[in-house]
Amino acid sequence: MIRIGLLGAGRIGQIHARSVNALDNVEIVAIHDPADEAAAYVQAMTGAARASLLEIVDDPDIDAVIIASPAMQHAEQIMEAANGGKHIFCEKPIDLDMNKVRECVAAVEKAGVKMMVGFNHRFDTNFNAVKRNIENGEVGEVELVQITSRDPSAPSMDYLKSSGGIFVDMMIHDFDMARYVLDDEIVEVYATGSVLTDPAIGKIGDLDTATATLKSAKGRVAVITNSRRSSYGYDQRVEVHGSKGMVRANNLRGTSVTLANSTGYRSDPLLDYFQERYAVSYKAELQTFCRVISGQDEKHPDHIDGLKAIELAEAAWESYRKGRMIKIGE
Amino acid sequence: MIRIGLLGAGRIGQIHARSVNALDNVEIVAIHDPADEAAAYVQAMTGAARASLLEIVDDPDIDAVIIASPAMQHAEQIMEAANGGKHIFCEKPIDLDMNKVRECVAAVEKAGVKMMVGFNHRFDTNFNAVKRNIENGEVGEVELVQITSRDPSAPSMDYLKSSGGIFVDMMIHDFDMARYVLDDEIVEVYATGSVLTDPAIGKIGDLDTATATLKSAKGRVAVITNSRRSSYGYDQRVEVHGSKGMVRANNLRGTSVTLANSTGYRSDPLLDYFQERYAVSYKAELQTFCRVISGQDEKHPDHIDGLKAIELAEAAWESYRKGRMIKIGE
Amino acid sequence: MIRIGLLGAGRIGQIHARSVNALDNVEIVAIHDPADEAAAYVQAMTGAARASLLEIVDDPDIDAVIIASPAMQHAEQIMEAANGGKHIFCEKPIDLDMNKVRECVAAVEKAGVKMMVGFNHRFDTNFNAVKRNIENGEVGEVELVQITSRDPSAPSMDYLKSSGGIFVDMMIHDFDMARYVLDDEIVEVYATGSVLTDPAIGKIGDLDTATATLKSAKGRVAVITNSRRSSYGYDQRVEVHGSKGMVRANNLRGTSVTLANSTGYRSDPLLDYFQERYAVSYKAELQTFCRVISGQDEKHPDHIDGLKAIELAEAAWESYRKGRMIKIGE
Amino acid sequence: MIRIGLLGAGRIGQIHARSVNALDNVEIVAIHDPADEAAAYVQAMTGAARASLLEIVDDPDIDAVIIASPAMQHAEQIMEAANGGKHIFCEKPIDLDMNKVRECVAAVEKAGVKMMVGFNHRFDTNFNAVKRNIENGEVGEVELVQITSRDPSAPSMDYLKSSGGIFVDMMIHDFDMARYVLDDEIVEVYATGSVLTDPAIGKIGDLDTATATLKSAKGRVAVITNSRRSSYGYDQRVEVHGSKGMVRANNLRGTSVTLANSTGYRSDPLLDYFQERYAVSYKAELQTFCRVISGQDEKHPDHIDGLKAIELAEAAWESYRKGRMIKIGE
């Protein structure tokens, strides 16, 4: 039995608690969240006790923590958990500050615990099938990747203010996906964007429409586009071109129904948002985390993947500010 | 808490037991199946005791039965359950013999219990959306319905021998779907078919390729095609044409991935078979049964729907044998 | 140079005249049509002279006739043209009366002229690709064929009155297509239908919604559905199931454009009607006719194909009237 | 009658000659091409005489020229034609050197002749429908545009050497399309690329995989990806996102046929290359040119559009070399 402490019982913490509930041989035994209501909700769902961070990381019966707290708390919680010898599942991003990210990585490596970062897109059935097709040689040598991510609408301004901005908060998943399917380290980043959906987003220094162009060591190219507005649902596509062919994961909708009349053929909008689109991948992600800490699985997005994604997001912001391509590690 | 006795713990009984497990306020408390292994499997899954049919129908603490036994046992179990005052969920068909079906219907009505027949296709998200589009007036007056059902392969000869043949065993779902979307009673049936996949199927008097043409009281037409062979997965489509438009439920596949190369664009075969294709609808079906017997829902495929579908299947066999259209109730 | 006399200068005669104009080494040299305006239109298009039927069939410099007159004139024109030693391209149907059709066939065979019937669907790029896939063995042994034909709206009542009814006027193309892709002679026909779009159609004894079930000598099954109403454009589909797979020709639309918003994804309605949908196949058809009469091609829908299709249409009407399956040649 | 002199009788000159042949009230009356074989081919097709450039531009009976010669001859021919008072249809690019392009534009404006540049993508039925949807307000305010162009294979090295490189030779169409659908002037360009398909392309300083990110005055963003390799046919897509929705032109294939078997569903590769994909648009383009010089139409890609596209292509090369975003007109 794997015993887990949950740090953060909000929206995403609840998703993970539900995933844990559905798995055998793993349970949430302690919950840390200053918000009474959220904590109580997950307590009712899991039967777990409420505890402080220190109580959790000091408890010898707890094997691992799931960090689902606000981003600015991640680094401290990672450090404490690593020092306490707990395996760590941490939502993205590790932290907004690269120096802190490096400290976390160092702490994890020193402690010898396993750490997995919540890049749940890697666990999506469809993106997984894309990856498998690449590994099986169906597309040959990868040459060009196109990733499209469009949220139905922007989060609250409160959330946005401490989110790190679009490259850190939203495009980070696409940076990780680009690394995953390019199968090569990224060495160059150019990024730009605009404020087109809501001037308030611009006032806090963020963007709502953004694009990045990445180049890998072998010269492979990835192009990412992001928007905080999508009238037709949550748009999540990956398209990989190679020397032998192309593989692409198309979007998902709620039904397979088509309606036809004099205005044409109509099918459903896309699934609403990440809760629906990635419902299956959230479960697969937690299952993999359990397998990884039990030594049954090796492959997972780890602390280094978490660091690399932040590095790209930081480079994207720098590129945007300077109007030029940034070499990673320059 | 609804307490259920499960009659039949084989493949389909296990599907229903799993659905019950996932629901709140309902549990399987007794299992009747002569096969030790199947019974033990569901006992382990549910914690229920093993019991005889009479013990179950006489137990005052049991509210309802789920009948998932072989078709030839349905009628007796329905009669006993009705006499015992239990609500009944029964897999299709009620029985292969119309006289026995009528006796069951009479017993259910006399006992005043609720009965639901396992036409799970009605609970499929996609066919449901088709129905809603009809009800919302999107297609206008229904005129013509096309239903395609193709199994990946034939069941075992043992199963087929006591199945009632393709019109009773397989097309019965499509007869019910035709009634559901035509929204009018069927008055004429013509059916024919062939043995094209396996001569052994012909030797027991059955068909593997079959089609039926139905006409309703208002002159609406439905055309059904069935085959016991489909190389590309489990093909399940419904297409409804009306005065204002057309609505159609397309097939489902495992991923949204497309692979393109010099041979063209390729997407996945369809989902394998009913367990995958109707996974969601099996759960929704049991949920509806619980709501119906709790008085929270009225709409469900009931004993009359069960009878009508058998009537059509019988008419189809008669039509095939006589080479002519059969008027229902002629 | 092939010299052609055009019998009938109406809508379909003009389509064929345009096809001839676009071909090398063939010209329309004489036009026979009692309607001055239609004749003048095609004269202006081709530079051909106006002539009587007898002048055309007696002219030793004319090689062939294209019969595009009303259906009731076909038989006489075929007989005269055959007797005059002219090759014949004749629009479907040869005649509404099977006895007359047989006389035409006898005359053509006695005269030793080539005759091609205007089953232009065989020349459609997509249906052709379906046929090639069957011939190449991609679907294995053909088992079940589904053909859907839906006109955007019914022709005028005047046209319908002398059209032979839906099985002769409309479904005849599908009977020919069924024979083409079943690759086996049809031995059984069941047909039925309704009047659902316009009671006036029923008053002249015709149907607007119709279906036929065909069985071939080898037990292969074809199901055809027809309607005189389709709000979303001209629906023309063929789907062929075999022992190894399925091949299907989907519909065509004017653009490849998709529009997405909060109501879903929308694509164009289908092409309007046969002039647009079969524009390419009309040209290919006439080109084949020229190749056939020049001895460069053998494969074409000939007088026997024309006869077989009428035979099926007659059987369909008989089946509808008698409410039973009709054995061909019974 | 419009009388045209054709300058250049190679592959693209022949396409235009064929388009002219199919139009009423326009003819090619003179052909200038040093290559005897090409000239003779178009002479046979059109009946036109062979002539020198000066004979053509001095001939008072000639109204216009079509410039389909190699790119390095365009500027001289434009200058001569403009000075001779001829209307000009010129293939892209106007010239590889921006200074020469400006001279051409000045000469055309001074002469007061009409000039149209061969951005034939604007005349494609599908891209046209995209544009119409934008104009009709279906997508709201344009925010983000994604353009994908992939050639089946690279042209010959001989051609590539004098082509101006991928941004001038290939992406120029996409720059024009971006301007067309962004509906706003582009003010920033970032471009990069790689050599991944053939090292020989790198040796002459060109790229085979390229991408550009454009930003318009209003902050609208366009992302273009190009490749000289596409195993699955000629990939040509435009996708436009706006405040109210998305509109996209999908690819075209030769048939609408789908084949399904145990390996999945398969449809055709895309149309081979530009001759097939843009067959209709080449005709529409010449038709528009004739309407423009007859004063019947105003809208067309003109000399300024030709200049702007070159400006973007030059900026792309500069961006690639400097590794930074280039401001147009900086």
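We just call them A, B, C and D in the order they show up, numbering each chain from 1.
By our rule, a residue touches a chain if its C-beta (ideal position, glycine included) is under 8 Å from a C-beta of that chain, and two chains touch if they have at least 3 such contacts.
Here's who's who by UniProt: A, B, C, D = Myo-inositol 2-dehydrogenase / D-chiro-inositol 1-dehydrogenase.
Just so you know, these numbers come straight off a predicted model, no measurement behind them.
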item: Which of B-C and A-B has more C-beta pairs touching across its chains; value: B-C
item: Centre-to-centre distance between chain C and chain A (centres being mean Cα positions), rounded to whole Å; value: 58
item: Separation of chain A from chain B, taking each centre as the mean of its C-alpha atoms, in whole Å; value: 41
item: Overlap residues in chain D, where contacts from two or more other chains coincide; value: 231-232, 244-246, 260-262
item: Topology of the chain contact graph, where touching chains are joined (line, ring, star, complete, other); value: complete
item: Complex contacts: residues of chain D adjacent to chain A; value: 141, 143-144, 146, 148, 150, 188, 190, 192-197, 209, 211, 213, 215, 219-221, 223, 225, 227, 229-232, 241, 243-246, 323-325
item: Contacting residues of chain A [partner chain B, same complex]; value: 125-126, 129-130, 133, 138-139, 244-252, 254-262
item: Chain D-touching residues of chain B, taken from the complex the two chains share; value: 231-232, 260-269
